[in-house]
Amino acid sequence: MAEEVDHKHKLYKLMSEQEAVSTFVHDGTSFTVGGFLINRESDCVFREIARQGQKDLKFIEESASPGVDMLIGTGQVVKFDTAYIMHRQVGGIVGMPNIERCLKEGNPRPVNMGGFMSTPDYKGNEQPLEIVDWTNFQVALRFVAAAMNVPFMPNRSSFGTDVPKYNKQIKFMKDPYTDQPIHLIPRCDLDVAFITVQKADRRGNGQVWGYEGCDVWKARAAKHVVLFAEKIVSTEEIYRHPAHTIIPAYCTDAVVYLPFSSLPFPVYGCHSSDGFITMDMLLSSQTRDSWKMWMDNWVFGCKNNAEFCGKIGWEVLERSVKSAHVLATIPD
Amino acid sequence: MAEEVDHKHKLYKLMSEQEAVSTFVHDGTSFTVGGFLINRESDCVFREIARQGQKDLKFIEESASPGVDMLIGTGQVVKFDTAYIMHRQVGGIVGMPNIERCLKEGNPRPVNMGGFMSTPDYKGNEQPLEIVDWTNFQVALRFVAAAMNVPFMPNRSSFGTDVPKYNKQIKFMKDPYTDQPIHLIPRCDLDVAFITVQKADRRGNGQVWGYEGCDVWKARAAKHVVLFAEKIVSTEEIYRHPAHTIIPAYCTDAVVYLPFSSLPFPVYGCHSSDGFITMDMLLSSQTRDSWKMWMDNWVFGCKNNAEFCGKIGWEVLERSVKSAHVLATIPD
Amino acid sequence: MADRKVTPEMMAEKEKWNQIYKVCCVASREFKDRNCVFGGVGISFLAVAIAKQVHAPNMILVAEAGYVGFTGVTSMGSPADNAGGFMAMCHQGLFDMFRDQQAGFMDQACLGLAQIDKFGNVGVSYVNPLIRMNGSGGGGDISSSAKSVTYVGEYNPRQFQAKVDYITNPGFLDGSKNARQKAGLVGEGPSAFVTDRGIFRFDPETHEMYLSDVFPWQDDKEIAEIVDAAPWDMKVAKDLKIIAPPSEDEANAVAMMDPLQGYRITQFMERPSAKYILMGRHDLIAYNYNAILVEESLRNNMKVMI
Amino acid sequence: MADRKVTPEMMAEKEKWNQIYKVCCVASREFKDRNCVFGGVGISFLAVAIAKQVHAPNMILVAEAGYVGFTGVTSMGSPADNAGGFMAMCHQGLFDMFRDQQAGFMDQACLGLAQIDKFGNVGVSYVNPLIRMNGSGGGGDISSSAKSVTYVGEYNPRQFQAKVDYITNPGFLDGSKNARQKAGLVGEGPSAFVTDRGIFRFDPETHEMYLSDVFPWQDDKEIAEIVDAAPWDMKVAKDLKIIAPPSEDEANAVAMMDPLQGYRITQFMERPSAKYILMGRHDLIAYNYNAILVEESLRNNMKVMI
């Protein structure tokens, strides 16, 4: 194994997307992405991990980015902690069709769904995908506890429900001060957080506009933090909006200059979503064969995010930027 | 007792400083101020409470505003939770002389200092002032726990020290996940937080520039929140810097338009400190008699904060504003 | 109830509105001005947004990703939709929103459901034997801690269960007195389930769900059918209320927030923009078609809002 | 040690610097470039700020009230001083700073002390029988969780105690192996106590404090005096190091951050601005006097910094 590099204490931290993924994602790595659900989430990471082929990955996110389904389809993810998947969509379309195929067909591997249901009659030898259910707040609290370097956070959600019944990591205790019931939510063990930000400098100060999601906490919870920056700015420009630096340089291991890293999903003040490519992906993914064709075309057929952008069409992206600017722009 | 008014659901929440203090501070009330130590803390509150005369007050702050010493001198405070007082100053000046007189003379009441020392040979009948020691982070965590509506927060400070030895509210436990030691810090029970902000609208959206201190948490921990605004702006102006709204309208009970509410202490981007009046107060306070004269002149001799400002001199304050603007201004 | 008559006018009104209008316009009336209201996604957001536009202009709309007090110029595709940032009082984070909710600042919330039992316990993650639903998301937290929760959804008798397969959202638990409080929950529980075939509420004493409001076109037979479909002895309110059909203002609010006709045309493939998708087109012309519709709508709405 | 000679030049150097220079300029050398460093208030902030200005320009200065990566154009009167906001990478809150420290992001810190024992356990709140000090503030947290802590202060034999009256800041506890880790502490403990009469460090095995560095003017007699004053058998480093006196650059850095001469003139009443205070003046002329000094200094420093 290579000598451990102290990335966080480097003065300048620029890397390419390929380098950032290969440096921080290995077989068995646990990771998350910033943003929430689809917005300002680093979708490019899922495509790059699919290309690089790391195995036995663990993914954790409050409401999961659809990208994780891609890595479940490639068989690269073996553990998935979440509160929500966009699974049931209008017109009977399945949002996470690879998860569905794990459940129904054990393909590419069987799934243990939160201890509540699992792939019936599975005869193969693949290790099951473990899905663990939480609420959004509880997943957030796992990041919060890790960010604070404490073993757990107290929480009042889910009393009387089946969530703590099937998720034994949620512990029940009587508060020693008042003897009232409280749930404990354990910290997560997180190797890498990939976070898309509107601005960053080379030192790794990441600035966000719009909602913050859990990025403040993810950036402290993860051993390594990679920023995908829509724009690289000077540290002097960072000084202009210091309250927007939700990720200070001391958290950051690498900065990747990568506009449109969230595509096909939107970034506040930068660009809109691409409903066409999203819908195409979703419809194509409904069968495993057509999903594989989609992957060959849009993922394996692109060397990097720029080629993915090129395939969508730069003129469409230019239009998408204009569209986002109707609602907001990011100040210099 | 008057009917409970639902201040938080009012559309517009403007009040005078007198009304805000008399509405939310009663005998026995627990309160805090925003900011940290001296900066952007609502010093006007201590003067107004001294004028109104509420009794048996409880005060909690990480590193305490010097103003609390005034209310200890008037005998109005009976409980004081803190991590720090600016007590030992250059040249043997005592920073909290009224606390010192409580300790040495039992005047105006004796003091129990964190269970470690107390007024010797006290013969009077006054209830002792209880001082409870914490660290800054622990006091902050008391606000955090209350803000989250949970009974405690886990913490790793103070293992092996005398802080948890004398403060029995800090509980030791073994983390049920790893069996490692952890401290529990109990939530605080807080009636009112008075917070100075650079901008607020009438609905109670409070915006802060510069450091945030614990104001995010205090505003959620307190049953009632009063904002002292350096500037009242329209809600449209609030929309321009939504990330600076660290106190959304739903937290706020009252908004007081009160420039210079922190005087003689500074507010980022608004005005500097007044070292002369601070030093005068400190030197005058070294004996009880001269402290009383100072109080008669600067506190009881002023009807409100505007008269206090007038006594300092508006031309001095204008100069103080210019001085602060060398470092920062608040954008429109 | 005996003297209620269903007129042809009522039946015409019934046909006039699709299920989304029937659910969302009616549910919007549950939300009060000046309240702080947690909107879900899709139709549960739409219901809240209609309220803000029609009768509750000072409602503080919150979305779990971190948007507070925004104008709702368009319906949100996700709780982190860029539109949530527009004319917002505060941008914060997801943890912050749930913290503030657990602290009791959220007065009301609107959510969808898959299964519900007699005491308002809800499941949204799993349906036996092998159906995975979306998962609780923030719903488990919201139903635990928001002061009150209004559920919305198209009526389906399968939603009403004697026992929810997997409870994600606590209702009144076993229905016993103070059951929620004893369990450690902060919020006061569900207040209504608004469907296109009536509103269900909870008895303040027994916490049992009953039918409390029906549309003017729902006759005794239909009411009996709904009540009989429930796996418990569902009661009907003695003073059963009649729901006013969607108003013109409410309908306008839906139209205003629906540039791509996602609510007005319920079948995905029948929406105008679907033709480009069906053609497999990803080009600028296709993209432009949707973008122009959305942007025009936003610009028009901004004029109204500002 | 035997062949060390104290020359008249050394004695002249000794007289040249007041105790603040001797402590802070020397302590500044403990702080490394690119490290994230938690500064205290007063001289413990000054020591860190000198480092940033002289040899560690890429140090990330943090102040507990919530300022990160600021330029330190002036020394901070409090951890929330307006100056902390100037050219800062990040403005956040106090909770955030301590969270980030407990998570291990703060490499070094600088603090003052009132009492210290053999194993570096420190008290800053109480001295028996009846002296109340300032209190731990953030010091208790910083000494618990920052990776390493440098203490600074004017030497006073009373600081060295067999038993600290009230321990606020954990050192190496009972000195046993991994005592801090076993207790649950995150940081690695104190690294040095820098005084105007030498630097004390901790043996990596026994964790006992020993005298490791002295100024060139400290002869064997003075060293013996210091060692004898400690209530334990204090050792002297075999390779006792000689401290270089404050450099011109370090002295300039102090001057740069000290427009009111609070560090250069240690007696409060001897400072220029004190005359107005002694006259009891609160008027514009008095205010202006200080304001102009501070502002001129800031403007000059900004030119250097930008």
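Note that the chains take the letters A, B, C and D in the order they are written out, and that residue 1 is the start of every chain.
We adopt the following convention: a contact is a pair of C-beta atoms (placed from the backbone, for glycine too) under 8 Å apart; a residue touches a chain by one contact, two chains touch by 3 or more.
Here the structure is a predicted model, which means the values were calculated and not measured.
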Whole-Å gap between the CA centroids of chain A and chain C: 28
Whole-Å gap between the CA centroids of chain A and chain B: 40
Approximate Å spacing (C-alpha centroids) for the pair chain A, chain D: 42
Residues within chain A bordering two or more other chains: 148-150, 155-156, 180, 182, 209, 216, 243
Touching two or more other chains - residues of chain D: 85, 91-92, 96, 102, 186
Graph class of chain-chain contacts, one of line, ring, star, complete, other: other
Chain-chain contacts as defined at top: A-B, A-C, A-D, B-C, B-D
Complex interface listing, chain C residues touching chain A: 63-67, 77-86, 91-96, 98, 102, 121, 123, 125-126, 128-130, 132-141, 144-145, 166-170, 173, 179-180, 183-186, 262, 267-269, 273, 276-277, 280-284, 286-288, 290-291, 294-295, 298-299
Complex contact set, residues of chain C against chain B: 34-36, 58, 60, 68-69, 85, 87-92, 96, 99-100, 102-105, 186, 306
Chain B - residues contacting chain D, complex: 35-40, 62-63, 82-88, 90-91, 93, 95, 99-100, 103-104, 113-114, 116-117, 120, 133, 135-138, 140-141, 143-144, 155-163, 166, 180-183, 209-217, 266, 268-269, 272-277, 279-280, 283, 312-313, 315-316, 319-320, 322-324, 326-328
Touching residues on chain A, where the partner in the complex is chain B: 145, 148-156, 171, 173, 175-178, 180, 182, 184, 186, 209, 243-244
Interfacial residue positions of chain B with respect to chain C in the complex: 9-11, 147-150, 203, 205, 216, 220, 235-236, 238-239, 242-243, 245, 248-251
